[in-house]
Amino acid sequence: MIGPPVIEALQMALVLLAAPGLVGIVRAVKARLQRREGPPLVQPYRQILRLLAKEVVLAENASWLFRTAPYLILALTWAASSVVPTFSTGLAFAPLGDLIVITALLGAARFLLALAGLDIGTSFGGIGASREAMFASLAEPAMLMIVVTLAIAAGSTQLSTIAAFMLSPAAGLRFSFALALVALVIVALAENGRIPIDNPATHLELTMVHEAMVLEYSGRHLAMIELAAALKLLLTISIIACIFFPFGLGLPGFAGFLVGLLSYAMKLGIAAILLGVFEVSIAKMRVFRVPELLGAGLMLGLLGTLLLYVSRGL
Amino acid sequence: MGLGFDIAHMLAGLMVLASFLLLYQDRLPALINVLRLHGFILALAVAWQAYIQSAPHLYIAAVIALAVKALVIPGALDRIVDRLGIHREVETVGGIGPTMLAGMALVALSLRVMLPITAHADPVSRQDIALALSVVLIGLLIMVTRRNAVGQVAGFLSLENGIDLAAAGARGMPLVVELSVAFSVLIAFIVIGIFLFRIRERFDTVDLAALESFRGERQ
Amino acid sequence: MIVALLAGTALLLVLALAGAVARGQGPRLYAAAAIVTALSAVLALASLASAPATLTLPLGLPWLGWHFRLDPLSAFFLFVVDLGAASASLFAIGYGRHEEEPGRVLPFFPLFLAALQLVVLADDAFSFLFSWELMSLASWALVLVHHRDRESIRAGYVYLLMAVLSGFALLLCFGLLAGGAGAYGFAAMRLAHPAPGLAALALLLALLGTGAKAGLVPVHAWLPLAHPAAPSHVSALMSGVMTKVAVYAFLRIAFDLLPVPPGWIGLIVLALGGITAVLGVLYALMQHDLKRLLAYHTVENIGIIFIGIGLAMVFRAAAGEEAAAALALTASLFHVFNHSVFKSLLFFGAGSVDVATGTRDMERQGGLIHRMPRTGFFFLIGCAAISALPPLNGFVSEWLTFQAILLGPGLPEWGPKILIPVDGALLALAAALAAACFVKAFGVTFLGRPRSAAASAAEEADRFSLGAMGVLAALCCLAGIFPAVVINALAPTARTLVGAAMPTQSFFHAFVPWGAIIPVAAARSSYDGFAIFLLLVAVTGLAIGAARRLAAHAVRRAPAWDCGFPDPRPETQYTATSFAEPIRRVFGPAVFGAASAVRMPAPGSLSPARIRSALRDRLWEIFYAPVAGVVERLATSADRLQFLTIRRYLFFVFAALVALLLALALTQ
Amino acid sequence: MIPLAAVLAVPLAAALLLALIADYRLSARINIAASLLAFAGSLSFLFHRPAPGALFLIDDLNVVFIVLNTFVGFTTSLFSAGYIGHELESGKLTAGYLRFYHAMFQVMLFGMNLALVAANIGLMWVAVELATLSTVMMVGIYRTHAAIEAAWKYFILGSVGIALALFGTILVYLAAHPVIGSGAAGMLWTVLLAHAKDFDPALLDTAFVFLLLGYGTKVGLVPMHAWLPDAHAEGPTPISAVLSGLLLNVALYALLRFKILLAACPGAIAPGPLMIALGLVSTLLAALMLYRRRDIKRLFAYSSIEQMGIIVFAFGMAGPLGNLAGLLQMTMHSLTKSAIFFSVGHVAQVKGTQRIAEMGGLTESHPLLGWTLVAGVVAIAGLPPFGIFTSEFLIVSSSFSHAPLLAALLVLGLLVAFGALLLRLGGLAFGPVRGAVGPVRASSAPIFAHLALVLLAGLWLPPPLVAWFRHAASLLG
C-alpha cells in the first residue's frame, strides 16, 4: 500500500527535518550533564533560519568553488542518506548504491569542504583542510574494512541485505561484529568531528578542524554547511543503527511501517543521549594522537575481517 | 735410424738445457752469449733434421737460423747493451731458484701433454715436439720474469727457436723456410724497435718500466 | 581494418621524417598526428568485438617476418593508446608553440606514437620487442628535450637503463617461450605447452620486464624522474599511455601466451600491486613539483591496476571462479581506461600551468582559478576523478575492484583468504590518501592567493589545449555516469582473456528502472551512476532553489575574516609542504625515515622559528644504491688492469696458456 | 683470376706506387681508387668464384668476410682522405709520414685480404703477421710518447700471439701428417677438412689451445686484450676504425676456420665451451672497464672488446641460430663501430682533444656529429631500429633456452656495458656545450653509408643475404 517511492520521499524529508533536532538533543543532554540550562531543543532550527536570513559576507578572493561548495556538500550528504534504510528497507533508491557508495559520497563532500577551506587562502582554512585530510585518510580505510567484514558475513554490501542478514539467526553473536561496531563508532566520531577527535563547539583556533574549514562561511552558505553537518551526524547514526540494531526494520504492512518509524525515533534518541554522555565524560585528544586512534580503528576492522574465518569456516 | 733419433733427441735436449741456462743467467752479456749458443744448437738441430728427413730445404732454414739467430741478432743485442751501457744485472722477478723450479714444472707439463697424444706420430717429430713445447714455454717464462727489454727479447728469441725446432721436426712440413724468414723479420723489427727508442732519444733506457710510466689515461 | 591501422602507423612514421626535416611546421604536424590517431582510435573502437585479424609483413627476419594481430585485447589497448595520442596531439597544437627547441620534439613524437601502436599490434616476439625498445628509445629522446639541465640528463639515464633492463627481461622470457628452435611467433607460443617451472620463470621475467616499464615498485624509480622531465604532452603519453602498454604486455603474456599460471604468482602480483599503490601515493603526497606529484600518482594507479590483474590471476587459478576473474579483470581494464583519460587530463593541466606561470613548483603558485578558470575547472574534474569520487569514472573502477576483492574470501585456500582483504585495506588507504593528495594539488595550485608574481599574472591556456582538456573531462564524466556502456564494451576483451565476462549490464536494467551496474547479483551490490548523477543534480537544484526562495540575497565582499587577524601576505597561506605535514608525521618515520627539527627563537626574540625536515628515499637506498655501488667498486678495481706493465700483460697470456694446457693434461 | 688479382695484386701494387708519390692529395685519391677496385673485385666473388687452388680458397664463409673487409676498407679510405689532410694542417703529421701512411694502408689491406683468401694455414699465418706489422707501424705513426708506447705494447703482445698461433699451426700439421702425409697438402683447408675425422683428437686439442690464445690475442679477447685499447686510442682514427672493423674480424675468421676443423674431428674437445668462457670474460671485464674511461677512443675500443666477446660467445654457442647471429653481429659491429670511429675522429679533430671531459653538448654544437654519435651508440647497444638488435635478439633468446645461466651472465654484461656507454653519451651528446665549436670540414658520407646499412639490416634483411649467412653458419657446424 505504501510503495517504495513514497517511502523514499518520506525518508528524505524526514532525515532533513530530524537532523537539526538530533543535534539539539545532543546539546541539551550535554548541557544538562554540565549543569547548564542550555539552549532549547529547537535552537538548531532557529540558527539555520537565522543564517538563511542573514546576508553573505564573502571574502574578496573567494572563487565560484567557495560559493557552490555548500550546496554540493548538502546535496551529496542528502543523497547518501537517501540510500540508508532508516525506518524501512523498501527504499526506491536502495539500488543506487551500497555502503561503499555511501562512504564515497561522504568522501566527496569532505573533498569539497577541504577545497573550500583552502580557497580563501587563510592559515586557518589550511590548517583545517590538512588535518581533515589526515583524519579522512585513516577513517575511510577503517570504514571500508568494516564494510569488508560485513560483506564477508552477509555476502553483500547492500545495506538492506545486511540489515536483513543481521536480523536472521544466521548472524548470531560474533566477536568480529563487536570489533566492527567499535571501529564504526570511532569512524563515526571522526567523520562528524565529535570529541575526542574534534570539538564542534570550540572556536579556540588551534584545536579547530571542521570549524576552521568553515570559518569564512556566513549567511545561507553557512546554513547549508550546518545542515549538512547535522544530516551527516544523523546519517552515521542511522548506518550504525541499520547495521547493528536493525530491530523493527523491514516488517510487513502498515503496522510494520509504524513500528519502523517508532523504533527509528527511539534509536536516534538513545544514540543522541549516549553521544552526549560520551562527550562530556571524555576529553579532546591532541591532534597527533588522533591518527593512533584511527589507526586502531583500521586495525580493528582488519582484525574483524580475519577473525571471521575463525568464527565461521568461510 | 736409431742413431739419427738419438742425435736429434740429444740436440733437442740440449736446446732445453740452453733454455734453462737462459733462465739462470742474470747478466745481460752472459744472457746474450747463451742466446748465441741457443741459436747455434737450433741451427745444428735443424740441419740434422734436414739430414735425417733428407729434406734439402731444411738446410736453408738451418743456415738462416745460424746467420740470424746465432750471429746477427745476438750481435745487435750486444751493441745495444754496449751503447746503453747496461751491463748491470738484469732485474729478474722472483729469484732464480723459483724460476728454475717453474721451468722444470713447465718441462714436465709439456712432456705430459705431448708424449701421450703424439703416440702414433713418428718418434722423431714426437720427442722433438715435446721438447720444442718446453722450449717455447720456458721462453715465455723468461719473458715474464725479465724486467728489461733486452731480457725479454732474449726470451722471445728462445721461444721462437723452440717453434723453429718444432717446425723442423714436423716431418715434411712445407713453408718452413718461409716461416723462419717471416719470423726473423719479426725479430728484426723488435730489435729495430729498441734501436728506434734509443736513437730517438725519447727514453734514456729501454727499461720498460720507464716506458710504462705514461698511460694516456692518467690524469 | 588492421591494414588501415598499420597505414596510420606508416603515416605517423612519415610525419616523424617530416618532423626531422621541416622547420616551424609544428602545429601542422601535431594536427596531422591528431587526425591520424583519432581515426585509428575510431577503427580500434569499431573492432573491439570483431574476430581476430592477422597480417604479416616481410620485414625483419626473413624466415619470421613481422606478424600483426588485432584481437579484442589489442583493440582495447589500441583504443586507449590512440585516444591518449589524439588528445596529446591536439593539446600540443597549442602547447607546442611554447617549446623553445621544437626540433628536438617533432621527429620523435610521431615516432613514439607509431611505436606505441606497433607494440599493441605486434604478434611475434621480434616485432614486439623491436617496437617495445623503439618506444623506450623515442620517449628517451623526448625526455632529453630540455637537455641542458642536469636533472633531465640523469632522468634520461636512469630511464633508458631501466627500459633496457625491462627489454632484456622480456627477451629472456620470450627466449624461454620460443625454445631453442626459435619459434618466435605468438601463435606458436600459444600452442606450445612449456613445463610448469619454465612457465612460472617466464611469467616472473615478464612481471619484471613489464613492471619495470609500468612503474611497479621497486622498479619504478625511473618514472617520477622521467615523466616530469619531458614536455607535458609527452608526459601525458608516458604516464597515461605507455604504462598501459606495459600492462598490455603483461596481460598478453600472462593470460594469452602462457597456460593458466599457479595461484601463488597471482598473489605475488596482488601484493606488489597493493604495496605499489600505497607507496606511490605516499611519495606523491611529499612532492611539491606538480608534474612529479602526478608521476608518482601514476605509480599508485598502476598499483591499483595490478591489484585487479592479480585478483584475476588468483581467481583464474581457482576452479570455477571465471565470473570473479572476469569481474576483477574488467575492473582493472576499466581503470586502465580511466587512468589514461584523467592522467592525460591532469598532465595537460599541469602543462598549461607550467606555461602560464613558468614553474612547476606548487609553492610558487596559487589563486590560478581566477586567472585560468577553464583550466581550473577541467583540472578539478580530473582531480575528483582520480580521487575516486562519485559520480566520476575513477570511482566506478575502484568500486568494481572492491567488489572483486569482496569475492576473495570465498576462495578455499588460506593465502588469498588472508592476503586479499589486506590488499583491500591497502587499496582503501591508497584511495583515501589520493583524495588528500589532490585536495593539496588543486587547493595549493588553483585556490588561495597567488604566491608569486608569475602566478598572479598567469594567462588562460589557448583554445587547443582547453579543447583537449575539455574532451577528456567530458569522458571522465560520461564514463562515470554510464559505466554500463564501458563494461559491456569490455566484455569481449575479458572473454578472450579469462573465457568469461561480467553479466551484460543493460542500460535500463530489468531489476531497477535505472542504469545500475550489478557485478554479481542485485542483492549483493549495485551502483547506479546515472541515477546518482540525476539525484545530485535534483537535490542541488532543490537546495539552491530553496536558498533563492527563502534566504536573503544580499552578498557583501569583505576582507577575509580569519578570526579577526587577516594577514595580506600570501606567505601566511598553507603551502603544499605544510599541507602534507600531518600525513608526513604519521607515515614519514616508517616510510621515509623522515626527520624534522624545529628551532624556536628565544622568548622575546623576533627572529622567525624554523622547521627543517628531511626525507629519505628508502626504496632507492635499498634497491638502487647498492647495485650502483657494486658496479662502481668493481669498475674501480678492474680499472687497475689499464695501468700494468707489458710484462704483467704477458704474464696473463702465459698464465692462460699454462692453465689451458694443465686442463688438457688433466682431462686426457 | 681477375677478381683475385683485384683483391690481392691491386693493394700490393698500390702500396708500391703510393710509396713513391709525395703529393698526399693524389695519393689519397689513389688510395681510394685502389680500395674501390678491391671492393669491386670482392663483389664479383658473389657471382662466380675461382676454383679452390693450392694458395687461394674462396668459399661461402670467407666471402662474407672479404666483402665486408673490402667495403669497410673502401669507406675508411674515403674517410681517411678527409681526415688525414687535417692532420697535415694541424702539423701532427708531415708529408713524408703521409706517404708512409698511405703505403702502409694498402699493405694492411693486402695482408688482411690475403689472410682471408689464403687456402694454406701457413700462408694465412704469414698474412696475419703482415697485417699486424703494418698496423703496428700505423699505430706508432704519430711518434708521440704514448703512440710509440702503444705500438710497442701492441707489437710485443701481438708477436707472442703470432708465435703461439704458429706453434698451433705446426701442431695441426703434425696431427694431419700421419693421415695425409708429407707435403703442402697437409696445410690445405680443403684437404685438412676432408680428413679431419681421422686426426689425432688430443693433438688437435692442444693445437686449438695455442690457436685460440694466439689468434685470440688479435681478436682482443681478455686476458690477451691489453694491446687493443691503447692501439685504438693512440693511432690515427682511420686505423682505429680498421682495427675494430677489420683486423679483429680477420683474426676471428682464422679462429673460426680451426673451430670448423675441430668440429669435424669426432674425438676432439668441443671448442664451444672455451670460446664461450673467453667470450663471457671479455664481455664482462670490458663492460666494467668502460666506466673509468676518460679518452673517447679508448672508450669505444673497450666496447669493441665487449662486442668481440659477444660474437665469440655466439660462435661458441654455435647451432644454426648462434652461428647466424654471430656472423650478423660481426658484420653489424664492423659497420657500426667504424662509423662510430669516423664521427669520433671528426669530433676529436674539432675539439682538438680526445678527452671526454673536454667535449659535450654535441647535438647542440654539431647536430650532425652529435646525432650520428647518438645513433651509433644506440646501435652498438643493440637497440632498434638498428641491426645489432636483431643479432643480439637471436643470441640471447636462442642461448637462454639451453644455457640459462650463461645467457643471464651475458645479459648482465650487456647491461653493465650499456650503463657505461649511456652515461658517457649523456655528457657527450647532451648537456651544456663544452670545448671548441669549429665547423667540421670532412665529409660525413662514410658515416651515413654505414649507419644506413645498419639501419636497413635492422628493418629488413634481404632473404638472399640471410640464406647465404645461413649456409656459412651451417659450415661452422
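Every chain is named by a letter (A, B, C and D) in the order it is written, and numbering of its residues begins at 1.
The rule is short, and it goes like this: a contact is a pair of C-beta atoms (placed from the backbone, for glycine too) under 8 Å apart; a residue touches a chain by one contact, two chains touch by 3 or more.
All values derive from a computational prediction rather than experimental measurement.
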Starting at chain A, fewest touch steps before arriving at chain D: 2
Chains contacting each of chain C and chain D, listed by label: B
Identity of the chain that, by mean CA position, is farthest from chain C: B
Chain pair with the most C-beta contacts: A-C
Distance between chain centroids, defined by C-alpha means - chain B, chain D (Å): 31
Averaged-CA centre spacing for the pair chain C and chain B, given as whole angstrom: 69
Separation of mean Cα positions, chain C and chain A [Å, integer]: 35
Rounded Å distance between chain A and chain B, as computed from the means of their C-alpha atoms: 99
Residue numbers of chain D (touch at least two other chains): 152, 156, 160, 202, 205-206, 292
Two or more partner chains touched - positions in chain A: none
For chain C, residues that touch 2 or more chains besides their own: 642, 644, 646, 650, 653, 657, 661, 664, 668
Pairs of chains, among all present, that meet the touch criterion: A-C, B-C, B-D, C-D
Chain C to chain A touching residues, read off their complex: 366-367, 369-370, 373, 380, 384, 387-390, 395, 399, 402-403, 405-406, 409-410, 417-418, 421-422, 424-425, 428-429, 431-433, 435-436, 438-440, 442-444, 447-449, 511-512, 514, 516, 522-528, 531-532, 535-536, 539-540, 542-544, 547, 550-552, 554-563, 566-567, 570, 572-574, 578-583, 585-586
Parts of chain B lying in touch with chain C, wherever the complex brings them together: 93, 106, 109-110, 112-113, 116-117, 137, 140-141, 143-144, 146-147, 152, 208-209, 211-212, 215, 217-218
Residues on chain D engaged by chain C in the complex (per definition of touch): 152-153, 156-157, 160-161, 164, 202, 205-206, 209-210, 212-213, 217, 223-224, 226-227, 229, 269, 274, 285, 288-292, 319, 321, 361, 363-364, 378, 381, 383-385, 389-390, 393-394, 396-402, 407-408, 411, 414-416, 418-420, 422-423, 426-427, 430-432, 459-463, 466
Sites on chain B touched by chain D in the complex: 113-114, 116-121, 125, 129, 132-133, 136, 140, 143, 152, 156, 159-160, 162-163, 166-167, 170-175, 178-179, 182-183, 185-186, 189-190, 193, 196-197, 200, 202, 211-212, 214-217, 219
Touching residues on chain A, where the partner in the complex is chain C: 52-61, 63-65, 71-72, 74-76, 78-79, 82, 93, 95-98, 100-101, 104-105, 107-108, 110-111, 114-115, 118-127, 129-131, 133-134, 136-141, 143-145, 148, 151-152, 155-158, 161, 203, 205, 215-216, 219-220, 223-224, 287-288, 291, 298, 301-302, 305-306, 308-309, 314
